[in-house]
Amino acid sequence: MSKKVNMNIKVEYLTRVEGHGNIVVNVKDGSLGACRLDIVEAPRFFEGMLRGRSIFEAQHITSRICGICACGHSLSSIQAAEDAIGFKPSQQTIDLRKLLLHYEILDSHILHIYLLVAPDLLGVPSFSPLIKTHNAVVRRALRMKKTCNDVCDILVGRHIHPISSVVGGFTKLPREKDLEAMHKHLTDMRVDMDETVQLASTLKFPEFDRETEYVGLVSDDNEYPLLMGDIGSSDGVRMKKKDYKKITNEFIVPHSSAKHAKLSRESYATGALARLNLNAKKLHPKAKKVADALGFKTKWTNPYLNTAAQLVECVHCIEDSIAIIERYQKKGINHNEEVIVGLNENKQIPVKAGNGVGAVEVPRGILFHNYEVDKDGIIKNANCIIPTNQNVNNIEHDMKKLVPEILDKGQEKVTLALEMLVRAYDPCISCSAHFLDVKFVK
Amino acid sequence: MKREIIRNSEFEVKKGRIVSTRQMTKIEKFFEIALADEEPLGHDPGQFVEVSLFGVGEAPISIASSPTKRGTFDLCVRAVGKFTNALHKLKEGDEVGIRGPFGKGFPVQTLEGNDLLILAGGLGIVPLRSLIDYVRANRRDFGKVTILLGCRTPKDMLFGDEVDEWNKRLDVNFSCTFDKADPEWSGNVGVITSLIPGVNLDPEHTYAVVVGPPIMYKFVIKELLAKMIPDTHIILSLERHMKCGIGKCGHCQIQGIFCCQDGPVFKYSELKNIKGAI
Amino acid sequence: MNKPKVAFFDFACCEGCQLQVANLGEQLLDILGVIDVVEFREVMSEKWNKEYDVAIIEGSITTPHAVDRIKKIRKRSKVLIAYGSCATIGGINGMKNNFELDEIREHVYPDNAKHFPTIPTMAVDQVVKVDYYVNGCPIYPPEFLKVIKAVLKGIPYAVPDKAVCAECKLNENVCMYEKGVICLGPVTKAGCNSWCINNGNICYGCRGVVTNPQEQAQNDIMVKYKISLDLMLNKMNMYNKCREIDKDE
Amino acid sequence: MKYVILKKNKLDEFIVNLSKQKKVMAPVSKGYNNYAFEEVTRGGQIALKYIPTILPPKKYFMPQYETVVEYDTKDGKQNMEAIVEYDEMILFGVHTCDLAGIQSLNVVFSDRPKDLNYIIRKNKIILIGLECNDYCDEHASCKLVNNELPNGGYDLFFTDLGDFFLVHVNTWEGENLISLTKVFEPADDIHMKKREKLRAKKREIFKNEVKINPDQIPDLFDRSHNSKVWYKLGERCLSCGNCTNVCPTCHCFDVEDEINLDLKTGKRIRIWDSCQHESFAKVAGGENFRRKAAGRQRHRYFRKFKYPVDKFSRYFCTGCGRCSRTCMADIRLKETLDDLIKESI
């Protein structure tokens, strides 16, 4: 490390991430001073606003926390809400929710890989120059994105702020021709997916390693756990969803409107990389093959490889979605399960007082929703812990290790490396600023 | 879904070329238009066309020139919204679409041989110009012609030069009034109704032709009736929202009447019992 | 003709409406063929320092800083589009205005409230002049295309001012009231092709209230279906709370 | 005049056969006693006992979004082609009220100047009627306007007589279908007698629903222009336009230009509009000729019971009851007529 380096990096309004964040790094005489990721998104006070609203509105409102993972928020919110009022969804509902979650992960990962990360790896400032230089890639990306969108449209009305997925089940269930259409979209997508894997294997990810604790859902069955399961970590932690607060250990730091989290060590990571590190055995065989091809052994400790992990998950999601659809094509969907909810004026779904937690693996990691409702199903308290919030602390620790290692490359390179690092986590800053600490008044 | 081309569809437009344009006031612009091969439009004074700009829309616009004018016809358009503003941006040589002419114009055959009292308020001068020009071209077929014109201010006056000419002609009685005076104006000030009592007319043999904004009609008709003009001798032109021009879209309907086909020109006797018409 | 310079800006929002653009798929390339996107923080790093032909604003105005920022953007933009419910009517962020500002701030940031200056949520046109509106949470892509084309063509776009019910009927949905739940379709501006009802849900009013909601008739209906005023207001306040700011003035 | 019969158990075969030739549209159940005309391929999908569908079959005759012109304004030109788009189809199971609705539209659009888009499309649609053996529900007023029995306007007409349909073959197209599908059998006297019995029973069931001699309705309306009834309706009406959307004879439309991204090509479309919307009769100057809901409601009723009677000698209310069924504000056609009658005596 060269000695008298001075560096002042301030990336304001970090681009190609969801929401507003700044990177601040101060190096004086070769030693690292400030090194932070500031979350500067305007707070929107969701958990405050939820008070007094019906539990049946929770998913509609919390879906609006974030446009990119709207289905994820919606699913976690529904899980928490149903837990709170003691409603048990049917197997069909659970399966279709899994399908929706696959779509969500697929959609978000594709957006991230192509629109947000690829420009860095291909050495351009954004997606638009690629239209000229890599037109086929761009078209493929948009086509895949559109497919994700189209299958979501069929299943829940639209991808951004899903319509028919609600507490209790679905207000509209797919018909025969809908299943057919989704099946066709997904099988058609395989070609593009193969080419994406091809492309990815030619990309060079920056080299950097920092082993950390990896947190995600775990389960005892053979399914790659995304919707259901307990909370687990690579350091051997295992806990019920209900105990999520012990795990996230949130603390506020002054520079950020997002809260930081830690578990067994100074920080932990959640997201595609963590999931792969915890559950790779359970991936669909085709996805496992892709992981192998990308050089995955038992664990990846390079955070830049989160993008590669996302790629593996894309393959898994496509294949498992096709499997779910085929199951229901055989068995048929029971349309009598369609629910009519609104504000539950027709009391289709029984309500009682309670406190419920939802924990769902969304694209960026584990997402917790927690509601406390009274006997009429009115929300008394709400809390939500976003994966990005959990990751921010880990990102800062990565940055602290990374900066000294590459300091001699000059400010421009360091800045780019940091931006790429932050982007690799696919942070969703809009989410992070929306829910912060909540004191549950007991 | 199958697709077929229709000949003679009512939605077909003819191409019209803008031969000349002139900004008349801040918000009114004049357009002289020729159809392909200078094909005559074949209209009666008082009829209107649907002017069309693909991508923007259509609007009904009165024909401002007499059928006696050869080769071209005139429009005068006030910029009030989406379509009219877009039209104002056009210049000489540009194309517009034309459907029509539509509706019933002024009953010139009936008017022939009679005295005419023409009352124009504001933009009402536009369709009336087609009648005035027609009358001038066939001056001998008509009796005494009186033109009364009402405008907001002298600046708002349309066809100013032509009006001056009417004024100078010995075979036309002309008066003009402004709602609001301006320092250079030394003539009448007030609404158009104030001019009517001063007109000397032979009610039995006079037809009054009135075009103006909706509120003008009530008051003018009252004055005309007071002058003993029979209600069959009062001719009006109405403005309504119109979409098709062929009496189907329903927008211009006044009770059982479709303004675009049954009008826009009516005798007061036809309208007086129709609530909502005036 | 030079391609117009278009910039996207986000204020307090979920950024979902921007994503709707990405969801257009390959059609997006057609749009990019006729406009020149010069700033779009979410997907590109480039910045632009000259005048914008078109600024597309997403999100509501919720902080003093945002007020300054939107005013600056307005000054630099020939045409300004309010994009999505948050920008056009305040949207979901307006629910904050149901509470005392200090109270909600302290509820959320018990110890750090002072770090988070906040003002009542406002729609963009409650701060600066807006030329075009694309309503909806999220925006309805076909309508967005219509608006973009109107902008490019230089002609106005009028948001439909009739009720969602009109479109709902055209889609032959069974009315939610017949199913025993309340729907805001009768008071909400159409233009979304009754998206939510087509998918079995109710209308939440995300496109804003029609100009003349026929209040007397609405009251009758509330009586008929035994809906309390509180419940109705509560539902209306989900998206349409910011309306009250105009009423006060 | 030719009659044939179709055994009930052959209906499926008939529909399957038909749907191989053309699109077949028929009433299907949407739940909650709501029905809609949708494409079917099997007899089992059809709701044979149904109350009037949410939208009447007019949606096939004048679609909600209909291209009338395709244009190209390259180089500032106004090039265009007037076009019509259509699907050849067979409408199965159309009630007598809806047949009357289609007849009303036929009258309007073939009145000069003719609307070729409508006429061309209409000629591509084959109509198979279905008799109502009983009232649909309390909103129907088909007897008032004599629509409880068929008055023509169909190619085939089905009467459900238990285990078979008696089918009236009315046109050459109908004849054609019969011979193509090969599932019909000749009708004999017994079949005809069964229908006579049904018709006799129907005479008992269907009674004028409103206490007025139908001939006096135009007169009633003449006297009712200033009736308080309109003002009361005006206060209750939401101006949502549902009543006109669902009405089989309402046909007001708007015309709009759709433009492609090249900003040069596009199409001119016509879209359903409603006289109940506040801006319907507004003109550029700001004047609105039907500013109040009361005036708009009056206009709607006059367009059913007065103006078309003067112009075309037929009621433009078919008695289907859709407007009453759909109105959230409970504005009921029969009630409105009753109120007008009460007020005028």
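Chains here go by letter, A, B, C and D, matching the order in which they are written, and residues are numbered from 1 within each.
By our rule, a contact is a pair of C-beta atoms (placed from the backbone, for glycine too) under 8 Å apart; a residue touches a chain by one contact, two chains touch by 3 or more.
All values derive from a computational prediction rather than experimental measurement.
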| item | value |
| --- | --- |
| Interface with more contacting C-beta pairs, comparing B-C to B-D | B-D |
| Chain occupying the most central position, where position means C-alpha average | C |
| Longest centre-to-centre distance from subunit B, chain (CA-based) | A |
| Averaged-CA centre spacing for the pair subunit B and subunit A, given as whole angstrom | 66 |
| Whole-Å gap separating subunit B and subunit C, where each centre is the average of the chain's CA atoms | 43 |
| Rounded Å distance, subunit B centre to subunit D centre (Cα mean) | 39 |
| Subunit A and subunit C, separation of their C-alpha mean positions in angstrom | 25 |
| Sequence positions of subunit A contacting 2 or more other chains | none |
| Per-residue multi-chain contacts in subunit D, two or more chains | 259, 263 |
| Per-residue overlap in subunit B, given as positions that touch at least 2 other chains | 55-56, 81 |
| Inter-chain touch pairs (all) | A-C, B-C, B-D, C-D |
| Subunit A residues touching subunit C - in the complex, by the definition given at the top | 13, 15-20, 42-45, 47-49, 51-53, 57, 60-61, 64-68, 70, 111, 115-116, 119, 125-128, 131, 138-139, 142-143, 145-146, 149, 156-161, 163-164, 166, 170-172, 252, 254, 257, 338, 340-346, 430, 436-439 |
| Complex contact set, residues of subunit D against subunit C | 30-32, 34, 36, 53-55, 64, 235-242, 245-246, 258-263, 272, 274, 277-279, 293, 326, 328-330 |
| Residues on subunit C engaged by subunit A in the complex (per definition of touch) | 10-20, 22-26, 28-29, 32, 37, 40-46, 62-63, 65-66, 91-93, 95-96, 98-99, 104-105, 107-112, 115-116, 118, 137-138, 176, 179-183, 195-196, 198-202, 204, 231, 234-235, 238 |
| Sites on subunit B touched by subunit D in the complex | 1-13, 15, 52-58, 80-81, 84, 94-97, 213-214, 239-241, 243-244, 246-251, 253-256, 275-276 |
| Touch list for subunit C against partner subunit D, complex | 30-31, 33-34, 145-146, 149, 152-153, 161-163, 165-166, 169-170, 172-175, 177-179, 186, 211-212, 214, 216-218, 220-221, 224 |
